[in-house]
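One structure follows; several queries about it will come next.
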Amino acid sequence: MEKKTLLTNCPDAKGLIAQITNICQKHQLNIVKNNEFVDHQYNRFFMRTEIEGIFNDHTLLADLDLNLPTGSSRSLINSTTRKRIVILVTKEAHCLGDILMKSTYGGIDVEIAAVIGNYDTLEDLVTKFNIPYHTVSHEGLTREEHEDKVLEAIAPYTPDYVILAKYMRILTPKFVEAYSNRLINIHHSFLPAFIGAKPYQQAFDRGVKIIGATAHFVNNDLDEGPIITQDVAHIDHAYSAEELAKAGRDVEKSVLSRALQQVLDDKVFVYANRTVVFK
Amino acid sequence: MEKKTLLTNCPDAKGLIAQITNICQKHQLNIVKNNEFVDHQYNRFFMRTEIEGIFNDHTLLADLDLNLPTGSSRSLINSTTRKRIVILVTKEAHCLGDILMKSTYGGIDVEIAAVIGNYDTLEDLVTKFNIPYHTVSHEGLTREEHEDKVLEAIAPYTPDYVILAKYMRILTPKFVEAYSNRLINIHHSFLPAFIGAKPYQQAFDRGVKIIGATAHFVNNDLDEGPIITQDVAHIDHAYSAEELAKAGRDVEKSVLSRALQQVLDDKVFVYANRTVVFK
Amino acid sequence: MEKKTLLTNCPDAKGLIAQITNICQKHQLNIVKNNEFVDHQYNRFFMRTEIEGIFNDHTLLADLDLNLPTGSSRSLINSTTRKRIVILVTKEAHCLGDILMKSTYGGIDVEIAAVIGNYDTLEDLVTKFNIPYHTVSHEGLTREEHEDKVLEAIAPYTPDYVILAKYMRILTPKFVEAYSNRLINIHHSFLPAFIGAKPYQQAFDRGVKIIGATAHFVNNDLDEGPIITQDVAHIDHAYSAEELAKAGRDVEKSVLSRALQQVLDDKVFVYANRTVVFK
Amino acid sequence: MEKKTLLTNCPDAKGLIAQITNICQKHQLNIVKNNEFVDHQYNRFFMRTEIEGIFNDHTLLADLDLNLPTGSSRSLINSTTRKRIVILVTKEAHCLGDILMKSTYGGIDVEIAAVIGNYDTLEDLVTKFNIPYHTVSHEGLTREEHEDKVLEAIAPYTPDYVILAKYMRILTPKFVEAYSNRLINIHHSFLPAFIGAKPYQQAFDRGVKIIGATAHFVNNDLDEGPIITQDVAHIDHAYSAEELAKAGRDVEKSVLSRALQQVLDDKVFVYANRTVVFK
């Protein structure tokens, strides 16, 4: 018996749940878990269905295509195939370390194919876990030249997702398009507060009483991509900007790990610069 | 066009979603929102379906009864009918006040049919809102005698739910059975911590760093009923037992109001001393 | 025996704690509670001292003035004198209602001298609590003309603080200066995110996963004043802009009430567009 | 110039702050940060003072002893000396991994002298970080025999604190006394809820909506020691007992790391089965 996840994202219409579940039944598939959401503003229907049984993917998808409205997208994902990621880093270890720990000792079921850094600072950490590390220095290169080298380094690993785990460089549209809706960043603020550089210094200067972190897909506008998950920590007047950054690191790593888990579980839909994240 | 909510609670079986949604479609009803949950431990299926259309309740329910497995329960609730509650209180105003404010000025759509107190302390507050207040003193009465009088006072209002908004008296099984799964209490601790009397003093004595509140259905075992919702507040060593109680009041009132809203929205299923609470 | 609170806000210097506590001892005063904070970036010292004893305010303050560095400010506040506030509102009842409930039935020890609204919507609520309500309509008036009338309405009550409990009008510098560091606003977002109008619509459009509220002193730049306290609520994709606003109301009221309590307890210092808030 | 932290824990009395700060001044020491707390129930005074200057520890402490009331304890700790810990583990990696990561890559400034496990499961992880790992199997040994071996293994490292990072064995009073107030445990529940074994299964059975974790000093009564810090995570009906455990791990590791940091910063006082934890 196989386990698959069917993701449906289509214009809303009457009877969609019945249609999709009927097709599952016709194929003698058992629905283990089902979630739907209708966005009434965008008139869009989202459904995530965990299915067990003997699959004939081709005829199942053909049946769906016959019945779903124009403008639908659907995919059938093998739930037992481990996904593969490449992680990009600069110098900070905390987000990377959390993913390394969880993928090795339990918590996130993912294959880290490689880690790529624009410095060699974290090579030592990554090699502890027997994972390839590539230093692709940006020094002396234009942004485009550097990115081409990073893209080249990533390509052989054919990752499902590319994770920016405190990768402190701005990406060009070319890079972003190459991994459209598969590029996840952790931003060290509660977006949209403190867009841009040095958010903890900005937070300190503004005298906020709460700091946060945001995991989001990257699109062409810096820090403007669809938000996957966010969390916060309470702070007070006694925190210096450095202490804010330190307090923020625990939030960052837990937010990024949580977002990664949600994406790996195929629980996240993206549309209209928003996400639907099923539980 | 009418709006109704269909609640289905039955043994799990293959094809339930398809069956129920097909019946809706056959009756030309439109599903606006749908949630399901399968408890694989108890092998139980829960579904909440918001439906729009022209209803023939009798034939719809008959169709469902024909198709659902033995041991199913289902109900069809008119979403636009305002529900009616009676609130029981003792002397503390905060939970009562929050519900009064929200039902009058927006936030909770409910009819407060009456408030009954074993003291007259809160009569002044309740009459400000033009709601009947009955003082049913327990003095000089046995627990059973007092409860009979309270039950008598409640009866004419035929409430959908009875809310214990800091009602500081223990109820007998007779009372609990009279409003089985319709009796909601706010307990001033993060259950199951600090069961019983004076939870804030207990919390102080134990030196906890977080306090909480729990809204739950009442069953025969004190503080052991199915939990609807809980929340917490962070505290520190500098809080006295009285300050804990004060900090706790804001948690209590928001937890009770939230649970009440969830119950009024027909989002809460009860089974096996647990709840399923749909979003 | 009297109870007073001494607030000291001065340039940092060696031995300040010893100097101030020695002066208290010399005057045979007992320190019940003491908090200090040194902002090393601004080189500024803050101390809040709860004192019991027989006070000669004049000689105590003279002793302090003799010993504190140039540029110091200090004040001695009678802890047992109830403070007086005027509340400004527009149409929303939740923040106002929470303060009314708490000042009447316990939770915040304050005298609400009057409530002033630019509509009469909330008159009914306020008069339930036997508190004067003034409608000062802005219709047909310039901003300046309207504000002059509001200032006139406030003046006879000589409030310690003016609370903007969802008062939906922008204030001029004249108004702000009149109640400098005594004017507290609740902003319905997690500042500095979503500055300006319709923050919940902005939050919805941005697809955030957490919403918040901010209580802050008002200065001349809209939504830029010193933050007193903030809190958040987790939300998800299923919330419409209206549901965000509803979920936000509970956060708003608890944040404003908490900030008000902190200010009434003389626990908040303001400097450099920041606050120090002692526990 | 040296940096030290003075911890004072004594019966409350008039003028204590003045006395201690005067002594600092007499010794020409500069107070960088100061916190006090008076527990009025236990009539106990706590003060933590960060001091800079040229120290003569002997005369400073002698001066303090001369002036503090009978029953006082005080200690002067070199803030720049790195503390040393030994970590005890069983099979779970998450708490250990977080401390390893933070001590190596930033976040917690501590020397992990050794890790001791009753299985060899985590040897591989620990040796990645070039830290000695000792397997001290309990198999075939009485509790006392096993503990003697563990104590023997710890002794040569003379740790300041012993950290139980998911060490799943109950300790005897002998062990606890050997490291009195220096033995820190992470309990995988929001104590005092779910004392004892399998708290996540207990939480599942009770149907709670929030789970938590508690870091506490260990005393002779299992799970009854002074609480240092606690935190929680919101969960819902859809979590199985295993998913509760998984969700709990992130809370456990952040709570233990936070408690460890507070203890290493000499911010935690213990008395009367309670803690005072300064910010």
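Each chain gets a letter, A, B, C and D, in the order it is written, and its residues are counted from 1.
Here, contacts are C-beta pairs under 8 Å (C-beta built on N, C-alpha and C of every residue); 3 or more make two chains touch, one makes a residue touch a chain.
Computed from a prediction, not measured in an experiment: that's the story for all the values here.
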Practice item. Moving only from a chain to one it touches, give the least number of moves from subunit B to subunit D. Key: 1
Study note, to complete from the structure: Touching both subunit C and subunit D we find A, B
**Study point:** Chain at maximum distance from subunit C, centres defined as averaged CA atoms
**Key:** A
Study note, to complete from the structure: Comparing A-D with A-B, the one with more C-beta contacts is A-D
Study note, to complete from the structure: Distance in whole angstrom between the CA centres of subunit A and subunit C is 41
Practice item. Provide the C-alpha centroid distance between subunit A and subunit B, rounded to the nearest whole angstrom. Key: 37
Exercise for review: Specify, in ascending order, the residues of subunit C that touch 2 or more different other chains.
Suggested key: 236, 238, 279
Point to revise | Parts of subunit B lying in touch with subunit A, wherever the complex brings them together | key: 14-15, 17-18, 21-22, 24-25, 30-36, 38, 234
Check your understanding: Touching subunit C in the complex: which residues of subunit B?
Key -> 93-94, 97-98, 101-102, 104-107, 125, 128-129, 236, 238, 246, 249-250, 254, 257, 279
Review point. In the complex formed with subunit D, which residues of subunit B make contact?
Key: 37, 39-41, 190-194, 206-210, 212, 226-232, 236-238, 240, 273-277
